[in-house]
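Quick heads-up: structures coming right below.
Paired with chain B in one complex and with chain C in the other, chain A is shared by the two complexes that follow.
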Partner chain A sequence: MKLVQLIGTELSKQKRSFLWLFLFIIPLGTTGAMLLDMVIRYDDYLFPNAQENGISSWEMLINENHGVLSWGLFLPVFVAVISAFIHQNESKVDNWKNLLSLPVTRGSVLLSKYLIILVFGWLLVLFNALGLILVGKLTGFPESVSFELFGRYVLFQFISLLAIAAIQNLLNVIMKNPIFPVVVAFVGMIVSGILMYQHQQIGKFFPFLYPYIAGDLGKFGFNPDIAISGGLIYGAIVFMVGLFVFNKKDIV
Partner chain B sequence: MIKALHIEFLKIKRSKLLILATFLPLFAALQGGLFAVDMKGKEEDLWHFVYLGAMTQFSWFIFPLLITIILSIIARIEHHHDGWKQLFSLPVERENVYFSKLLIGFALIIYSVIVYTVGLIIAGISVGADSSIPYDMIVQRPFLVIVASLPIIAIQFYVSMRFSHVGVPLMVGIGLALPSMLIANSAKYWIYYPWTYPITSALTDTFGPLGKAEIMYTVCGLSFVVITAIGLIQFRTKDII
Partner chain C sequence: MSNYLIETNGLIKSFGNFKAVNGIDLKVPKGEIYGFLGPNGAGKSTTIRMLLGLIKPTQGMVQLFGRPLKSNRLDILKKVGSMVESPSYYGHLSAYENLNITRKILELPKSEVDRVLQVVRLTEVKDKLVKKFSLGMKQRLGIAQALLGNPELLLLDEPTNGLDPSGIHEIRDLIKRLPFETGMTVLVSSHILSEVELIADQVGVIQKGEMIFQGTLQDLRVKGSSTLIIDANPMERALVHIEQMGYTVQVRDGRLYIPEQTVDPAEMNKKLVMNNISVRHLSEHRDTLEEIFLSITREDLKR
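The block that comes next holds the complex of A and B.
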């Protein structure tokens, strides 16, 4: 069975899943929250403040979404929930046995799950960004949309998720209870909150902080390039560790 | 009922729930301590900064997500491998099962708040805050947060019991916690969003219920009773085959 077929199998498992609802509801919620933010504060505070700081309304909107709403902090936990959905079938009825009795290599099974987690995570990021553009249009920002800014914002988050998806994929393989990998991401989010304010040097090496760093447009002084290198390095290393662990995993 | 409670207690006794309920609130207390350290020398009332640093994260997402995780795990014990079937083949009343799970969940939530307040006191003493502990702030207000979280507890318990897929309660709990701090900033709309209640009840200096405290606590009590009752009615008629 080829990797493409395995990905198709994974997608068909999610055909009637609540995961699709999750993918639409979360960005819908962030869009609603940002719209509310703009309705209440744009004319009186956010726009004058953006002009004072020499940034466009779109940059300000990304700052609000990423820092004030804390999309960047919550994103690893959302990816953890996506991973829990993707692994649900295997963990609920011990489906590893059935899956691995098919003519597939363990490596391709793990890779297909990793790619599906990534694709759903990327969709979440993309829908969030599209929601932001809608908010800007509805609010009537005077500047035209900067696709370069949004492209960079989305791409940096995409790459930062390489690390998170690999970690969550590995945790879901190791842990029987699918809630615990989410707990790990939750703890990662709490620690990120501590590191980003008080220990920025350590924060550069903390993968759960990368989605936040990916969208940091200077507010906390991180260099977003850290999210690129960190995402790629952690993604590759953790995936390889996952492959090693999964190959050794005893599936009785 | 006592027997049902005892059974539920035995189920969680060797689970990792107690560890989670102990360590997760301590992260918030640590955050409070670190925030107060930054303020040392600049500000006099360090207790205030221990509280502020800890409570901002605790009321915004640590506590709501802790509630989500605790109640999801309690319900999952039965959802996993269709445990409901085995449970209801025993001579147990469904009401007792329902309330014993809710009570155990409550006990763990209260326990986590106790750990949190102890953590706050230790953090305050460690950073050298003055010897008179402001109990009304450090102890009383965290318990008020439990009352303000009643709608969240009721909704999370309902969703956890209703859906066998563990992702659903996690999705609801985490997704709805995200915009709560932003909505709490709105003097007009926060009252319509129960996930802001822990924030407004805890951070009274910054947000405060703005004269709507009575409405908020009434909504908390009423919504808890109504949602729990709906959950119970559905649970009594739940088809477990």
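The block that comes next holds the complex of A and C.
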């Protein structure tokens, strides 16, 4: 299996790609929005409110980012965009035929795409979290940064993305137009919003909601463990389905 | 072991009710250039894709290097370079970067990229983004990609598509050189016989998914017909005389045409002259390969 080489070439293919811009613009946007939120509301409302609820400023900031800004709901759409960027390299001028004519297994090709989607998705999550730390520092939070809190926040999102990346990878293999999987993720985000408020029991089985659940620090009463087990189970099953579909697929 | 580097048996590929390839027995001898001919949509690309494992055959078997492709795909593909239909490339990368991606997967030294760039004469534009390339340059890049690692078998699907006459000439020369210089076996598909005629040792003609001819170019020539054209005086006597000799004669534009028959022109001339018929013109028209190709593909269409 030439997995290492394939991952290396996936990175090479992203040279001069807008994906890098996307990777910085999105966290830059969330950082800017959160900074604005803190400048306007921290002293008069958010900080006293956090004290009242017995949570730290950092926990409050994560809640603002994840719930109010809806980072957790949008994250699957962002991952779908990343997946589209990665897959469009092959689908744009029918590069699949060239790649799969080389001595590589389809499994290693699919796995390399999956891992690279995950890496870029994880970087997005990481940059968002780093942006939040910067916002807290600039705002002058009185508490010191809780690395345990941020570590958990980031790690849980990482694991929840196992499911999303596998789904998007599969959709990009099935669908020739890379935009359709993004549309699916967008619909998934809307459905997640409905399930979150109205059908929480069903929401536990809806993978597009997992990134949200992963960062739910009690606001909607989800147990983040759902995102962990769901991410792992869906990730493994959907990847295997993707592998089966990809192995059967004729490259015409 | 068979002498064929590529051998397929009863290869069939169906898409729903449509049979794109129908029972093809392809036989490509080692070290030769095989011209895979057929009109557009005849099933050439589908066959080539099956040879590379990109499409799974509905039925039949593909053997490359004497081994079944199905169970030895990775080992076989290490020895195969290919360009299927239009060239594949990452437009936002330079020619060098494109080739470097394939080089990394094939685990070849960096010098290999420079070598193939030189072979296809793209060294000077190696740092130019491929999206800015002309179609001919993209085509050459595709060929360079296929040549990486000096494969033992090269599969080129319509490699001269979109090239200007000098580009066609250049690629033709390159393909022609490969078996001599490297011992490479080359399968070139095309819908233009004249292109293949100049480079191939063997040809296979495919029509509507079926192989309607396979053999040497000489074998193909034999399939053509010849017509003896005579201008004689007096015409009427010549006509009667030739018919008495047992030949079918057609009269067109004041000339006699003796088609599809084995006639020795010298013997015919002698007989006419000895019967006091003056022969003003006698020539033999043989079908060109192009005409033979068109006639066999047309015949097949009528079936």
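What we mean here is this: the second predicted complex is superposed on the first by the 251 of 252 C-alpha atoms of A that agree within 3 Å, B and C clash if a C-alpha of one lies under 4 Å from a C-alpha of the other, contacts with A are read in each partner's own complex, and residues count from 1 in each chain.
Simple rule for what comes next: contacts are C-beta pairs under 8 Å (C-beta built on N, C-alpha and C of every residue); 3 or more make two chains touch, one makes a residue touch a chain.
Fair warning: this is a prediction, and the values are worked out from it, not measured in the lab.
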item	value
Combined model on chain A: chain C and chain B, fit or clash	fit
Touched partner set for A:I26, first chain B, second chain C, both or neither	first
Which of chain B and chain C A:T105 touches, first, second, both or neither	second
Chain C versus chain B, contacts on chain A by residue	B
Touched partner set for A:V191, first chain B, second chain C, both or neither	first
Contacts of A:T9 with chain B and chain C, given as first, second, both or neither	second
First (chain B), second (chain C), both or neither touched by A:F180	first
Chain B versus chain C as contact partner of A:D250, first or second or both or neither	second
Vertex chain A angle, Cα centres of chain C and chain B, expressed to the nearest 10 degrees	80
Closest Cα approach, chain C to chain B, once both complexes are overlaid on chain A (Å)	8
Common ground on chain A, meaning residues reached by chain C in one complex and by chain B in the other	17, 92
Contacting residues of chain A [partner chain C, same complex]	2, 5-6, 8-9, 12-13, 15-17, 89, 92-95, 97-105, 248, 250-252
Complex contacts: residues of chain B adjacent to chain A	16, 20, 24, 27-28, 30-31, 34, 38, 57, 61-62, 65, 69, 72-73, 76, 80, 163, 165-168, 170-171, 174-176, 178-179, 181-183, 185-186, 188-189
Touch list for chain A against partner chain B, complex	17-19, 21-22, 25-26, 29-30, 32-33, 36-37, 40, 68-71, 74, 77-78, 81, 84-85, 88, 92, 177-180, 182-183, 186-187, 189-191, 193-194, 198
In the complex with chain A, residue positions of chain C that touch it	46, 49, 52-56, 73-75, 77-78, 80, 82, 84-86, 88-93, 97, 100-102, 104-107, 145
